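For clarity, chains are labelled A, B, C, D, E and F in written order, and residue numbers in each chain start from 1.
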Amino acid sequence: MKQVYITRRARFNAAHKLWNPGWSDENNIDVFGKCANVNWHGHNYDLHVTIKGVPHPDTGFCMNLSDLKELIRIRVEEPLDHRNLNLDVPWLAGKMTSTEILIIEIWEQLEEAISEKGSTLHKLRLYETENNYAEYYGGE
Amino acid sequence: MKQVYITRRARFNAAHKLWNPGWSDENNIDVFGKCANVNWHGHNYDLHVTIKGVPHPDTGFCMNLSDLKELIRIRVEEPLDHRNLNLDVPWLAGKMTSTEILIIEIWEQLEEAISEKGSTLHKLRLYETENNYAEYYGGE
Amino acid sequence: MKQVYITRRARFNAAHKLWNPGWSDENNIDVFGKCANVNWHGHNYDLHVTIKGVPHPDTGFCMNLSDLKELIRIRVEEPLDHRNLNLDVPWLAGKMTSTEILIIEIWEQLEEAISEKGSTLHKLRLYETENNYAEYYGGE
Amino acid sequence: MKQVYITRRARFNAAHKLWNPGWSDENNIDVFGKCANVNWHGHNYDLHVTIKGVPHPDTGFCMNLSDLKELIRIRVEEPLDHRNLNLDVPWLAGKMTSTEILIIEIWEQLEEAISEKGSTLHKLRLYETENNYAEYYGGE
Amino acid sequence: MKQVYITRRARFNAAHKLWNPGWSDENNIDVFGKCANVNWHGHNYDLHVTIKGVPHPDTGFCMNLSDLKELIRIRVEEPLDHRNLNLDVPWLAGKMTSTEILIIEIWEQLEEAISEKGSTLHKLRLYETENNYAEYYGGE
Amino acid sequence: MKQVYITRRARFNAAHKLWNPGWSDENNIDVFGKCANVNWHGHNYDLHVTIKGVPHPDTGFCMNLSDLKELIRIRVEEPLDHRNLNLDVPWLAGKMTSTEILIIEIWEQLEEAISEKGSTLHKLRLYETENNYAEYYGGE
């Protein structure tokens, strides 16, 4: 029972801003700085999706990465790529679009769909810039 | 007279969209595809600024890169970083924000300021994504 | 008339070997070393395709990169990706598959097709590994 | 007893194909797609070998990386670099050459040799492309 | 209680050598090789600082990365950047400057300061070159 | 007569400082800032060596990269790697070790040796950090 972790990278380019609507403008600018720019800014996000499993003896695969790629395309890239994360994504509506919240919500989009394929989502890594990234293991 | 080219890299994260206001919505979507998303998208832009010159015998420098870094900070990063390129930048107002136009307009912001420091701007390279970039030599 | 250079990156993973059939085995191994392994080896090739042109005032584009991407897909990625460069590619038949020859032959596949789209191919860069790459400007 | 993890990166360029000889051609192509190309394809593989240990007070080293580099050269790079993974490697004979199986078999080649040097292999990471990689901790 | 890991990258360029003053010159050269060059050598170090925490509902942040960036600047970059690790850093005095020891000592500089901000340091990764890096979780 | 440019990347890790011995300490610190640290600092230098030539019909090579690699090893990596650029390198003695001067002096070490192999050195690119690099074409 040799468990292997396999990762597929995906990318999406999106606009967002960090803004708490329950706060004053001053408070938003004080906490979020230039990330609170009212007219938005944006990023090239880089997402690493890691599956864990025992390779199947017939294929040598934990999961066929073509299936994983297609699943990420439908559930992450189509809704997020070339979108405004605050305005255009039903499952992010009313949420802060920090990298931390974004990675939790992407997990929610992927976990069940990967389980239905018979695999197990282990970890996400999400780069916002070359200097900042979040990692998430389902909350544990 | 040994000419050397020296480059400083800078970065800015911005929102934009590709949209020609003289066209119908259909035409914009047909030509620009997902880049025409009305609510914007964004990128981590990566800019390489190349100066040419003969190293000064006292310093070994074509140009002090601290000066170049500060100049890029004031004239490119401050106006563009965490901004909306279509809405927030006076010198881009009314212009298409394609990588091609953006690199031409950044040249206009830098060239004279670099000349005033006694150096010569030779080339810009601007990455929009890891797969797309523009280069510009002042139009020649 | 402000000329801009715009680049699209593409990738293909292929097998090949360096082998001159007019030479003895000893001579091949002496000149090509481990690259002459009779059972092939392979690479993740990384191709940068650079177009030059004046941005069109309506679009801000030298060339629509969606068109360039599709053209590279059809003329380079489909024939080369997950192929054996020595055995599977009609337009490489009987040729050495060094990076130098490969970049010349890719140019031949792209130049006319790009001209038919009204653009001009300026340069190719082809990475064989992170340590080796070739560049080509059409032979000049 | 302060445990540190130290990693050495290595590289090898190899040909392979994904093909189950117990299946029909149609089934192979259906499951493995272009990876089943009969004439092979190839990759620049990138391997990260991670050792764990407590730094020795005399050297500050968990393990001398010169020793680790040499050990990886002999046991991984020499047998795999510029080779056909399906045809040229005795310890891969008859096995699927998926990234998952490959990382398990490389572990088998390294673990004991590293133990004999007084160190402990903790983890491998193996990149097949910039978009796909496997990780392995000895099966746990 | 959804725990997320968030990382900030920092960089510093420093000189050092590996040299045990209790050993003979021959022994130092035998063990440390070219790293023992008496006149020093140097590296562009790349440091990844990973915090763990539950995102705050008001901000979506585990920790404000502006605070983390400033803290790394004061406690790591200022004392180490453009310095000699063996000569210029009080908290490294008399210690081996291997990547392993360096990462332990950087942890000591950061852990308490991060705790005082209400966050928890989880992991450091320190690249000495593109081929070598250390990771540390506080010694566990 | 199809000219191709072919590049080999090399690396060396070295200590240096920027210091003009004809100046006062104050002047050195004023101009060179933290680069003037008296106890040195250092970098992971990354060098790209570009040759131009017409591929030979028998080999498909402008120059055998094994020969170029060996030549760079002897003439650049051995004298510079794990050295102090100001103290340990006879051909840099008394010279400023700015990236600009360094690239000119590396050219002097390589040009004739490459010519003797029947090839032509076209360009060098030398990265001091991920943000700074110099390029040189022999002074033209």
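Everything below uses one rule, namely that contacts are C-beta pairs under 8 Å (C-beta built on N, C-alpha and C of every residue); 3 or more make two chains touch, one makes a residue touch a chain.
Keep in mind it's a predicted model, so treat the numbers as computed, not measured.
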Fewest hops from subunit A to subunit D - one hop per pair of touching chains: 1
Any chain in contact with subunit A as well as subunit F: B, E
Shared chain contacts [subunit B and subunit C, defined touch]: F
Intercentroid distance (Cα basis), subunit F paired with subunit E, Å: 29
Computed distance of Cα centres, subunit E from subunit C, in Å: 41
Geometric centre distance via CA averages, subunit E-subunit B, whole Å: 34
Overlap residues in subunit E, where contacts from two or more other chains coincide: 130
Arrangement of touching chains [line / ring / star / complete / other]: other
Pairs of chains, among all present, that meet the touch criterion: A-B, A-D, A-E, B-C, B-F, C-D, C-F, D-E, E-F
Residue ranges of subunit D in contact with subunit C within the complex: 11, 13-16, 34-35, 37, 39-44, 81-84, 87-88, 129-130
Touching residues (chain side subunit D, partner subunit E) in the complex: 1-9, 50, 55, 58-62, 64-66
Complex interface listing, subunit E residues touching subunit D: 18, 20, 22-23, 31-33, 95-101, 103-104, 130-137, 139-140
